[in-house]
């Protein structure tokens, strides 16, 4: 089967299973409403921290409030999109442990699609919505000398960022085929990464910034492109074109994550646990 | 043509055992250790053995969940581990202890999902659903959320879900585990009809030997990853040197009877138990006893397969 | 009493078996500790003495938070709430309710055992890493350490009492996911996990400091940093113990009502 056909099949399976889960959660309406609200609020919390900080200071790491909000909105929206589509893959460890992964393997659909749609919940819309809300707000507030290129960078940044985060989630899930109980390690790269990127790179140690630029390329989610749009310097010296690299980095991450996933599934199928 | 083919199939797991605080010892476990068999289309086969014998591992290799470490597996000409999704359209799997139904949704919703996921043509789907609903008595359950079904009802629901796409082979892993007598009977009856009418090949693993006795002409016994026996159910008795028991009620208490071809294993008042080889006929014994002793009543007890298999295991353990 | 000690020991051992999960948790806590340290540094560089803390104190606060995150059940009741909710949903809780042991005490003992393990297994390493990597304010006097531990223990009990209430709500809601989320949010926000409650402005800060969640991080951290001494320390303990008693009593009441209407879901 070609990769294209598999993708179509995977998306179809994702849609079908996600729809089933949405209907399942609707059987507990009260809980659904509560979780939707909670999800919206919890995401708002990290932003409240930033708001609280700005009740005490004028700027963080040389950036004004609107600029930090811009960084925050960009990464949160990207993360929210990735989480909506792929966040559930982190449950793979549990499925391996209780043996229910086997029931997915006998269905005629790609396992990744089935796992991604596993317990799909509309409440996850809370995260994207909140991120998008702050992002739009920041775009209104922030003072940018808009050029065509900068306008183009904005959607490119969010979409590439979502793919990078999604790749981290899939690679992290694949890692759980070997270390079943290590789901939390993945959280430090996904949730931790998201938290990191909500703040300006200038407040972090240079080595940390280098690390997430060259080794673990989270910086391409928003730091590099966003600082270009804002017209601010990046704390690590890099050529200007790096601001436009996110799509390329995203594709590389996705390919790598796909390879990890296949290797993980292969390992599961040869060890059975 | 043989529908399922296994040729010297092996599956080796690396198991890490904790030894002390951090030290771990690795050792190999041969879950399946060179199994070969074939199953022709339309046969119904029982696959039995104690826990950890390799039953589930075999089923997992047949369904493409696990990749064999060695040997060759073909189901309908397909290599399961390489073409898992293509094979999925042609097989049905029921895991006795894990439902694939949607817990919080009405039963019918699980079937609707199968309809779309397996891309079953509408007319086909309707016909199959109708048939399953009728034979498995599901009409009143379709609108009920799965979590409210009893274990037996859920198992029937699971079996129907595995059959909607007309699989050529159905694998059942412990299909009657935990079911009450009525549900067991219903499930067995359905499987028998399915095999007879639709010609579906059925491979079932079970702990319940009645399943095998009532359903399968052929049985395979596996232990320690090896096939111990493959053949007719009746033949299993010969291999296991099993014995049938003749229970005779006499007019009065007598010393142990002396009958050629049988030996008394127990005496209790006027009742005596005589064991004779399962392969021999009971008729000459009965004639012999009736002519020589004051016989009131008698009955023949079939051997317990469980005991037969247990005997096979102990024999093998003594040899190995 | 013996029984509950055994249950607590069981809770400790049970969590001690999850070695990989513990290591993973330590790693995550450490990573978050680093990220938050830098944000706090940026904040305290601009505003030294914000919220009554100097910079080493503020940074110590970050790592205390990471050390207590799992211990005080700030991230979802250490899994016990989820487990209890599952038992309520499946009806297994009926067995627990008719056991000769008390439901609340049983789970409290297990949770204390869990917390003890999490403090040792997940608390010490991040704290040590933080202290090595950054200049943290550590207690000046030896007595502050046991004082801190007492405060943590009280915080654990308050945390348990809250999660017990949350779990019992499943008797009426059948699916506790929503309430769990709300409880988790409140814990995150009002415990001082995001920012010290002393930094919260105006009325929000005043309210946050008297809510039960303050017992789970803000108060233990202040005890650690030597902000409560003498009578002040007793007052802090009194605040925590007061909430513990009130919330445990509420849980007891709810348990009595729940017992009268044990619903067993079809199965």
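As written, the chain order gives the labels A, B and C, with residue 1 at the start of each chain.
Rule of thumb we're sticking to: contacts are C-beta pairs under 8 Å (C-beta built on N, C-alpha and C of every residue); 3 or more make two chains touch, one makes a residue touch a chain.
All values derive from a computational prediction rather than experimental measurement.
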Quiz prompt | chain C and chain B - chains in contact with each | solution = A
Self-check item: Chain nearest the overall Cα centroid
Solution: A
Quiz prompt | Chain of greatest Cα-centre distance to chain A | solution = B
Quiz prompt | Whole-Å gap separating chain B and chain C, where each centre is the average of the chain's CA atoms | solution = 51
Quiz item: Quick one: chain A and chain B, Cα centre-to-centre, how many Å?
Solution: 47
Quiz item: So how far apart, in whole Å, are chain A and chain C when each is placed at the average of its C-alpha atoms?
Solution: 28
Quiz prompt | Touching two or more other chains - residues of chain A | solution = 28
Quiz item: What does chain A use to touch chain B in their complex?
Solution: 1, 13, 16-17, 20, 23-24, 27-28, 99-100, 102-103, 105-110, 266, 269-273
Quiz item: Can you list the chain B residues touching chain A in their complex?
Solution: 11, 13-14, 31, 57, 60, 63-67, 69, 81, 84-86, 88-89, 91, 93, 95, 98, 100, 102-105, 109, 113, 116-118, 145
Quiz item: Which positions of chain A touch chain C when the two form their complex?
Solution: 28, 30-35, 37-39, 41-42, 45-46, 48-49, 52-53, 55-61, 179-185, 187-189, 192, 195-196, 199, 203-205, 208
Self-check item: Touching residues (chain side chain C, partner chain A) in the complex
Solution: 18, 20-21, 23-25, 27-28, 31-32, 34-36, 38-39, 41-43, 46-47, 50, 173-179, 181-182, 184-185, 188-189, 194-195, 199-201
